[in-house]
Amino acid sequence: MLEELKQKVYEANMELPRRGLITYTWGNVSGIDREKGLFVIKPSGVDYDVLKPSDMVVMDLEGNKVEGEMNPSSDTATHVELYNAFKEIGGIVHTHSPHATAWAQAGRALPCYGTTHADYFYGEIPCARNLTAEEIEEGYEMNTGRVIIETFQGKNPVYIPAVLCKNHGPFTWGKDAAEAVHNAVVLEEIARMNFMTELINPQAGPAPQCMQDKHFMRKHGPNAYYGQGK
Amino acid sequence: MLEELKQKVYEANMELPRRGLITYTWGNVSGIDREKGLFVIKPSGVDYDVLKPSDMVVMDLEGNKVEGEMNPSSDTATHVELYNAFKEIGGIVHTHSPHATAWAQAGRALPCYGTTHADYFYGEIPCARNLTAEEIEEGYEMNTGRVIIETFQGKNPVYIPAVLCKNHGPFTWGKDAAEAVHNAVVLEEIARMNFMTELINPQAGPAPQCMQDKHFMRKHGPNAYYGQGK
Amino acid sequence: MLEELKQKVYEANMELPRRGLITYTWGNVSGIDREKGLFVIKPSGVDYDVLKPSDMVVMDLEGNKVEGEMNPSSDTATHVELYNAFKEIGGIVHTHSPHATAWAQAGRALPCYGTTHADYFYGEIPCARNLTAEEIEEGYEMNTGRVIIETFQGKNPVYIPAVLCKNHGPFTWGKDAAEAVHNAVVLEEIARMNFMTELINPQAGPAPQCMQDKHFMRKHGPNAYYGQGK
Amino acid sequence: MLEELKQKVYEANMELPRRGLITYTWGNVSGIDREKGLFVIKPSGVDYDVLKPSDMVVMDLEGNKVEGEMNPSSDTATHVELYNAFKEIGGIVHTHSPHATAWAQAGRALPCYGTTHADYFYGEIPCARNLTAEEIEEGYEMNTGRVIIETFQGKNPVYIPAVLCKNHGPFTWGKDAAEAVHNAVVLEEIARMNFMTELINPQAGPAPQCMQDKHFMRKHGPNAYYGQGK
């Protein structure tokens, strides 16, 4: 079942080591079929060089395994929460990419210092709080998702398709698995640039709001004119 | 038309990912035929691994498309302004290369800390101011070019073939598209070195003027003696 | 003798340059056969591109060469001490990987800033003190091992399979040579992330203890649920 | 003439881009035949991907070209000075490798923070002063060599086979061209490690002298025991 989606999610997973975002098995990508209410995710702890499309695990939105011989990613419960709360998204990625993880470890939101950021993310990328001991006890991965959702109260997850989880690392998402990976690559790149920006000028401030508006909207708004159209 | 120039501009564009200056489609190179008053530029948002010489778009110096099936780079209006103002240049590059972009995000000119810089750029590489909300509204890409030109009042763009646009990234230029790319590579490398220089010694000062003169002139002056002659 | 172990130790050694942890010959891996009380180690100063499985040197736990035409690694006496003191370990690695070495040169333990660290190491990775002049005189490599052992008094080397030696570099270990190399790769990656973490936020603190417990135990405790089981 | 030496110097030059020390043509290697009093050096400004052994230029120790169709490296006069002053050396390298150049731009000697440094360099690597305007005028490249020699008064160039030239970059040397390149690689690596060391701990001090003695002497002294002997 869902062979085409499995293939796409497999390819999105394989893009992570190719883009240098992954050490060993530290990441996972999923993609959802909204009509069927099922999503496909990488199995837990399987090396990328032996991973096959048929290894992908099919899950429902209550977190039950529907198909697959392997255990799904240990972070599956986080994906379940995000798919249920963010109805517009079609793919989710988790990595420990080094620069984004460093910002997460530092416990800081990623400021919008420039157009590289504004081309993809509308405003700062928030850093979700730590889970309490009780939340960890009750269900670590589920509550990781719930704290992300709490962090996005009043924010549009389509306009800010990324979050940093404190002392952990980033999650990104998108309209499908491939776009979620694309956003993970961009997040890592701006985390790297912004790290250097503050060392070059500790007083650096965010890009002017009018510039952020312009760049985000020329790629994403109704009057977008970047690229070759749809 | 302009098949040879298209080939050269295509090759100059392909050099950007090869040199590690580009993530996804974040860059563009153009080259001009001064006699015909036409320039050739990369189409907007096309992946480098499917780009072909025949995809290059031909523009005139008033910003009209003369030939090509695709939309030209979204930054085309910036190129138009620069070609019109800087008559000696034959190629222009825009990237979001990480270290140069970090300096642009920091809003700081790149000091001349050494001979690596002085071999290519005579004095500091300026950082152009932000556009106003009105300038963005009136024509973002056109006014990006005009603010660069304003930044170069009293400066020689042939002697300083690069600029940082605040909260955005670098533009470089040269006698043709290939040299403009060469300068983009050098800019990224000195942005990286200078970033580290200030962290190693916050009191570091620019290279002595006599040293800057010597290095720039041994490669670029009328008595240049670097290389194998012309 | 020990042909299978030689092959495994050879492969573990070759993984070091492949993972970018090694410049020239700056590293060594060994693996032990606990039943026979013999271990196999890389020869000293041999280039990785000419290294063969049959070059591996067999040593006993008193530091005598049992088989092999070449001199064993100059750090062999350190391996002897560690195998004798840490009975549960089956492989040892020494590298000068740049970020871990920078922490060692800085003389600081590596704090646990996040789950990347907590997935592999339970608590901070200690930095062993410098040897005294007398200890260097008496037996530099042997006493390097003894100072590591001293550093682990009251600590569990299976739960913290790494150490930084002040002004020198890291040693890591594991259940076999391959796992010791895996831990060396992880150590380098967290040394890199943590370096950036402190520059992004000088007030960054360690990950909450409950989070460290959760991550270490979901991969290593009796109720581990990461991966596909054993 | 000197065909074997040309081949070796060619290969040493080609090792620079392979090791990532070189952007474009920013470097040169030479090697000397002490019996004949002639040295072989890379031609000026020739791309590494078209460079051939037969392009190497033969020079005498007064700086006269003895054989070769091309212009020798623009830094040839520096090599002449160093070969005349440092009688024990057989090869010289100049690069703009990024981390070593950052220290040179910062105008700081490279402290010996650890054994990676002490394995190759006995004590700190000095930073030579800037040339005066008169020295630049009189003979920039020649006086670059003379200021290096001045910097080594009271120091042993065989024990410290490297120097940083302020606001410029590093020179390294060795018993032949290959060893000089080896030292250039090591210098770049320790410049990188030491850069991070100071950011991790601004109070970091040099490795204890007894440790520096031990590491340098176990590889270089009369009782050296690293490697497989000579």
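Miscellaneous remarks
So that you can tell them apart, the chains are marked A, B, C and D in the order they are listed, and the count of residues begins at 1 in each.
Everything below uses one rule, namely that contacts are C-beta pairs under 8 Å (C-beta built on N, C-alpha and C of every residue); 3 or more make two chains touch, one makes a residue touch a chain.
For clarity, every value in this text was computed on a predicted model and none was experimentally measured.
Between chain B and chain D, the least number of touch steps comes to 1.
As for how the two copies chain A and chain B face one another, under half of their interface residue numbers coincide.
Distances between chain centres, each the mean of the C-alpha atoms, put A farthest from chain D. Distance from the chain B centre to the chain C centre is 46 Å, each centre being the mean of its Cα atoms. Taking the mean of the C-alpha atoms as each chain's centre, chain C and chain D sit 33 Å apart. Residues of chain C found to touch two or more other chains are 198-199.
All chain pairs that count as touching, in label order, are A-B, A-C, B-D, C-D.
Partner chain C is touched in their complex by these residues of chain D: 113-116, 182, 185-186, 189, 192-194, 196-201, 204, 207-208, 210-211, 214, 218, 225-229. Residues 23-24, 26, 43-46, 70-71, 74, 96, 98-99, 101-108, 130-133, 136-137, 140, 167-169, 195, 198-199 of chain B are the ones touching chain A in the complex.
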